[in-house]
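The structure that follows is given in the form of structure tokens.
Naming follows writing order (A, B, C, D and E), and every chain is counted from residue 1.
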Amino acid sequence: MPDGAAPVLDVRGLKTVFRTRGGEIHAVNSVSFHLRPGELLGVVGESGSGKSVTMMSLIGLLPSPPAEVRAGEVLLGGRDLLKLQPRELQEVRGAKVGFVFQDPMTSLNPVFTVGNQIMEPLMKHMGMSKAQAETRAAELLALVGIPDAKKRLKSYPHQFSGGMRQRVMIAIALACDPDVLIADEPTTALDVTIQAQIIELVKELRQKLGMAIVWITHDLGVIAGIADRVMVMYGGQVVEQAPVRELFSNPQHPYTRALLKTVPSLTGERAARLEVIQGQPPILAGEPVACPFRARCAHAFDRCHAENPLRRAIDGRPVGQGHDVACHWSAGGAHG
Amino acid sequence: ERGADGEVKVFYYQAVSTLNAYLSSGTKDVEAGSLVLEPLAGFDQDGQMFPRLAAEIPTVENGGVSADLTSITWKLKEGLVWSDGTPVTSADVKFTWEYCTHPEGGCAQGAKYEGIKSIDTPDDLTVVITFEGPKPYPYQPFTGGTAPILQKAQFEACLGAAAASCVEQNSKPVGTGPFIVTDFKVNDVVTFEANPNYRDPAKPAFAKVTLKGGGDALAAASAVMETGEFDYAWNTQINPEQQAQMEAGGKGSFVNAFGTLVERIEINMTNPDPALPEGERSTVKHPHPILTDANVRKALSMAIDRQTLVDVGYGGAGRPTCNLVPAPAFQASDNTGCLTQDIEGAKALLEGAGWTDSDGDGIRDKDGKKLSLVYQTTVNPVRQDFQALIKGWWNEIGVEVELKAIDPSVFFGGDAASPDTFQKFYADVEMYANNFDGTDAEPYMSQYLCDKIPGPENQWQGENINRFCDPAYDAMVKELSTTSGIDARGALVMKLNDMLTKDSNIVIPLVDRGRFSAKSNTLDGFVMNSWDTELWNAQDWTRAK
Amino acid sequence: MLSFTLRRLLTAIPTLLLISLVIFLLVDLAPGSPMSDIPLTVPPEVRQKMIAAMGADQPVFVRYLLWLKQFFWVEPLYGIDALFGTDFAQGAQRIISWQSKAPVFQIIGERLPQTLTVVGTAYLIGVLIALPIGIYSAYRQYSWFDQAGTFFAMAGFSVPTFFTGNVLILIFAVNLGWFPTIYDTNLEVVDWASFKAMLAQMALPVTVLALFNAAEISRYTRSSVLENLGQDYVRTARAKGMGEGKVVLKHVLRNSLIPVVTVIALGLPTVFGGAIVTEQIFKINGIGAALIGAIHVSDLPTVQTVTFIFAVLIVMFNLIADILYGILDPRIRYD
Amino acid sequence: MTDTTIQTDKPRGPWGDVWAQFRKHKGAMAALVMLGTLAVFCLIGPLVWRIDPNFIETDTVKMFKMRNQGPSFAHPLGTDQLGRDMLARMMFGGRISLAVGTVAMLVAIFIGTTVGVLAGYFRRIDGLLMRLTDLFLALPLLPLLLVMMFLFRDTVAGILGPRLGTFLLIVMAIGLTSWMHAARIVRGEVLALKEREFVLAARSIGTPSRRIIIRHILPNVLSPVLVAATLGIAAAIITESVLSFLGLGFPPDFPTWGRLLYDGIAEIRTYPERVIWPGIAISLTVLSVNYIGDGLRDALDPRIRGR
Amino acid sequence: MKSPLVQVRGLKMHFPIHAGLLRRKVGAVKAVDGVSFDIFEGETLGLVGESGCGKSTVGRALLRLYELTEGSVVIDGEDIATLAPDALRKKRPTMQMVFQDPQASLNPRMTVAAIIGEPLDEHTGWDAAKKTARVYELMDQVGLNRRFANRYPHEFSGGQRQRIGIARALALNPKFIVCDEPIAALDVSIQAQVVNLLEDLQDRLGLTYLFISHDLSMVRHIADRVAVMYLGQIAELSPREALYARPLHPYAEALLSAVPEPDPTMESRRQRIILKGDVPSPANPPKGCNFCTRCPKVMAVCREVEPRLAEVEPGRFVACHLFDNNAGGQASPGAEVREHNQQGEQR
């Protein structure tokens, strides 16, 4: 991985709120991360921690109202996406940033053929004619491993199985050779055997096409298999970020540690009892004033209830580059 | 000059469904047909008979009617031709009789040809009708818009059961009248044009008649009086305020003519009590517990203010009356006694007759019988207003009234299975209007004969709605049937009329309802007629210059 | 799909037969009588004869079977004869209206054009107004446009047509005199003037009906579009960089129209029958007016035939709606 | 940031949420107020405004003076062609119209729900019941209604008296011809509910069908039924007035809004207010009810409620 | 060796497909097509497999929530499959179910107390006080605060809802509980809570579980023996450790290899077996071995002959032609082995 290369995507201090009847929900709080060319960034965190909202905020996919991106910069190729006009943003979506969503069953339009749906971005962003787009669409389908691609262009989504649909989604996302591919839990809805197929596919495509990928998932196993770097989110914030091996071998944040322990292993020692994280995830109402994890944290102390911790590096490298964590407590024992 | 005045537009809110008067007898159908088909003689605005196809009106004096009153001889005008150019002959006349009297034909005007023994056609222009016995009024057959002459050539194939399936013939009859049918849309619109072979070469002035149907009286009146879309609208019976308002618009005027149509309350002389077994309700087996008391009937009549009824419901289209036969003059009684309301008198009368409010509930009673009536009529706004008003007055004199309104198609439908027909009379009093055809009241008066009482035996088909039975009355009707001479007959009719109304209050006449139509100011020559069809002189209509 | 259609058609036959029987019996049971508009001057014997001549005195089952034969056998023959100039019918007895003594099918044939032009136009216009309103209302949910559209739609089907109709007539036809009050069925469009006359006489009824129809369809459209706007594939389309126009007018609309089209198809039978009240108000002598007229005078053959034709239409359009659904939505494959 | 748990200690039933959402629907709230006002007008009004709606001066001179009056203190809505007080008639008519709407809706909903639940729940009778529903759907309503009115009006009136009889008949006739929509909706819901896991759970416990229906299915089809019910009221009010319009509704001396409107139309040119009052009353009621239905639909739909 | 509490023999569950002009039955979705196994008292049998392979159907058929097409299910000595409705109702307390979706399996319009109390209403004639007491006891048992008794399901978190479902299942003191993916809809951090609860209850009450899941790591944690299903049939049934250490059936092997391990070092070394293609439709299963269309070790015989589930090693049953020889040869089938031969009679 080219460690020093300039990032293709640089997100700084992103803040997204939902205005709802019950008040504002601060779904994403000062999230910063970057993505280097060819890198695969894994994002984990429990349900509702703001993973999807973060990614959709980047290219304005959230419905507004109720969503509102309050602050931050999203630099893609030197341009701040948050400052673009809707029309300019459309040029970015699909062309520079590809998106794959969780549920392949509902993410494709049921009444148009698969071919039609792959060709759309091609014709829009690449200015291809219909015939050209069709040829390219067939290539893409073949690329994602769907046999008899040319014929299958005329099929409707419901004629495909879940795995195949997810491949079609990937083909659509890849259609215009985006710089960044964001995959929001692309395999959660799929069976393990199919998941394995998709993961292999992505690995292969990454090698072939060399784009940068953000991969959101619940599943630490998936992360372990494919990510270069991992970002852990909790309560709308990034709580820990590190290269993948570093994270698994030396987790710092109490949440990360707990998370790693709750998952039973397939091969290792079989624990008599599973570790549990007690309590409920936080409700993200209002401006965060304390650590979101405090109520479930075994190590929480006064400061945790009074102050929201900032991300701090723990391996000397600047925050975001190496291993950093947002916690007042430090694993070493000393209070940070 | 024929055809010079272009098109005239006529509106009948009840749409025309056939032009053959023998198959429908609905007024609108008869009237529309009368533009094409003509009888031997018609009636003018005064009820006087005048020849149409006949050369003259046969009478005993001119020898046309035999002295023993058993036959009548009609002479046709010479040179008459059908609209297709063929000559009109006595054979057509005879055929018409055969057509209507065919047992399977279901002719609606059968009554007109009753009592005819034979019809002979000694020559092409002479028709001799022989009756089974003496006919003091021998003019029933072939007179008036309801008994026009059909063309034999056209209708020959339509005798009997085939009558109804002769669609083409019934909708486009060949006639002698001023117009011929060019287009007929059932229950919608009929288009006529001037008959090129009409006997008067200068007539009709209009080249085209459009006779549109559908809607309601209000729309009909409005179309003439307000929007001017039509020249003439038939039967524009609307409430008096609207009459005034529309007339103020100045586009047209309402025309009226009084005939024999009388809105009346009929009294049930038999007991309609629902508690009686079916088949015995409203039959002579059970006389009415209250209404057989003449005082009650009289009091009911006295309590009514007929002028108010007219003012509320009819305006120019009606006038108060005390008679069942209000016209023509030679047979109309001059009763006026009922015209002033007398509530106090009515109360006194009841009081005197023993009907007192013994239990203080505001309702009079006698011998445990409450003065409580069911009062039925058809669904119709004016009638409902009448019901409300009369109920008020009757309540005032201590009579309890329950109102009932029945759909006209049921009420007048004559279905023996329905409890709601006016013949079954499952009510104490009922209100409707009736009249008679032409000027001869004899059949009308014979409705009240004892043997015409409806009941289960005759499938409730009798015409004596009141179940009135008086031998003296029967005897007088018999006398009428053998009396000839207009005045003598007229006198008898007056007596009969009084027996039913003034003397016994079996029938409580309310309003003499005229024909009431709307006419545009640009239509000239229109003369209202209540004895024949309203289009009787369409050949004389012209466009006002 | 074919087999589905066939199966539905097959099951439709017994349903329709049952319906025809129910209608026949119900109408027959009704206490009205065909004699009611005959003046009281006509004596009872004559009435009796007239009833017999119409065949109305036959037992109900005899009449029903005869009617069945006429409806399903004789009338089609006449239809063929009329089309090809053949003579298969050979003068067999048609269904004859008791009231007018004319064949019911001829009456229907005369009435259909009015009904189709007025109610059909109204329906078409209604749909054409409803779709954009519905779509935009949904797209801008809770905007003032949506609120106004909702109000318009609600008012549209809350205010009875006989109320609006009469008020419109009073204002525009009677007081302002812009439009005629009586519909002229003889009017044929041959030139500009007659075209204008046609427009004038259609204006009011079409407005009333179109508003009513538009109200309903716009609500359906709105909720259908709303439903689809929340679907994942819309997000996918946006993520592909599609413009809003394309997202809404292509992706969302196509899906939203599936239920709407079927609603429209289901509403079509009302084009033939449902406008009874409107025809009554505007004096359009269409099918609805014919039916009401026939009911009022107990013209049983007409009532039975016309209501049965409505029933056939309803069944047929139900089927068409289902088939349309299958065609529009590739996920639905019957059998 | 509030704390993690959802332990708000005030247990608010699901209806609390519905009401909260419903309150947000401005139109529906306005409609509710409107309908409340109308109901108060009709139900309480006659207790305050004690003029008999059918009172006519028997003295003809007085009667003539009283006819066709414009609004005045004595008669805020004027009088009709027989001098009857329009305000009283409107109040009285409203009672009937509202009662017809409500009761007819109840009849329709009862039949519809029963048929729908049975068809949806018991596979064996599904086909039969659905064909029945189709049959009713395919029967053209207006003629059917007319025929039913003809047929039974007097039998029923004979037993119950003309007013109650007609009322019952109209209500039954409207109810019997308008349950199909509810039946279809309910059946659809039940088919889906039947597959829901909580029904399966009940079955695994051994709950018999009858109790499953009562305890689990019915409460959960309540929301579509409620919505159908509000719309049903609106439809029934309109149908009653159409029947009146075609001259087949209540006896003419029995004012209902539909009847008043019908009678008023004959006088629309001279006294347009006679049409306007009942017309507006009907329209407002139906509009309110429709709006309430709309609001309920939103409020009862958890997907929308979540927003 | 304890005796089996549940004995399933030749269980078949076919859902008919109707088509054509007359809606005749033209075929069937063979959701479960001949499955036999035993569950011993106090043990947890894990049932894993891909989506749609028939796991839930087996679970539901076991409780006779479906009318079986064929086969017998003997629970505690009685054949559920043929029990008359009344007897079945009486039997219901012994067997209960916990459902996948804690939201969907709770009636949104009933309070927690009513939900947990429903089985009591159905099967006991207790008075209100006794019922309430039992409901509270159950709530304590599953770790729900008694204060919540009058709340509605939507006021709870996913894990809490699942506890309500478990409490309901426990109400009648069942012996046997089918857990149909009880944790699939829960967040990872909550899953552990529920699994621990299930284990605790088993220890305390001596329950027997059929634990259906597609999370193989969780099954490894909780189950004693594991059945791997593929397309309506059992491919392999082995004790947990043996299966995870060395899966015998190629499908089980592939399945296990597809599960990602939360360990980057291991992951980078793992050699995955990637199966080609998709699961065939259960309406139209391939001839021969079900798995032959995707099997990396497919042989000619696989496409012709349907393999039988046979005990190839002690306690390990596999339906695969690769082990045809072993079945008879290697292991000398002792009496004990025969005794709980998992092979159904009919086939």
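By definition in this document, contacts are C-beta pairs under 8 Å (C-beta built on N, C-alpha and C of every residue); 3 or more make two chains touch, one makes a residue touch a chain.
If you want to know which protein each chain is, UniProt gives these names: A = ABC transporter ATP-binding protein; C, D = ABC transporter permease; E = Dipeptide ABC transporter ATP-binding protein.
In this text the structure is predicted, and so the values were computed from the model without any measurement.
Listing every chain that touches chain A and chain D alike gives C, E.
Among the remaining chains, B is positioned farthest from chain E, on the basis of C-alpha centroids. When chain pairs are compared by their number of contacting C-beta pairs, B-C comes first.
Once the centre of each chain is set as its mean CA position, chain C and chain D turn out to be 25 Å apart. If you average the CA atoms of chain A and of chain B, the two centres end up 91 Å from each other.
Mean C-alpha position of chain A lies 55 Å from that of chain C. Residues of chain D in contact with two or more other chains: 6, 150, 269. Shown for chain E are the residues that touch two or more other chains, namely 157. For chain A, the set of residues that touch two or more other chains comprises 280-281. By the touch rule above, chain E contacts chain A in their complex via residues 50-51, 157, 187-189, 191-193, 195-196, 199, 214, 216-218, 220-221, 244, 254-268, 270, 272, 274-275, 278-279. Interface of chain B with chain C (complex): residues 11, 14-15, 17-18, 20, 23-27, 103-111, 161, 163-165, 167, 170-171, 183, 185-189, 191, 210, 212-215, 219, 222-223, 226-227, 229-230, 407-415, 417-418, 420, 432, 434-437, 443-444, 458, 461-463. Every residue of chain E that touches chain D in the complex is listed here, in rising order: 60, 63, 65, 88-89, 92-93, 95-97, 99-101, 104-110, 118-119, 122-123, 147, 150-152, 154-157, 165, 168, 172.
The residues of chain B lying in touch with chain D in their complex are 218, 222, 226, 238-239, 241-242, 245-246, 274, 305, 307-308, 311-312, 341, 343, 379, 381, 384-385, 387-389, 391-393, 395-396, 402-405, 407, 410, 419-420. Residues of chain C that touch chain A in their complex: 231-233, 235-244, 246, 251, 254-255, 258, 328-331.
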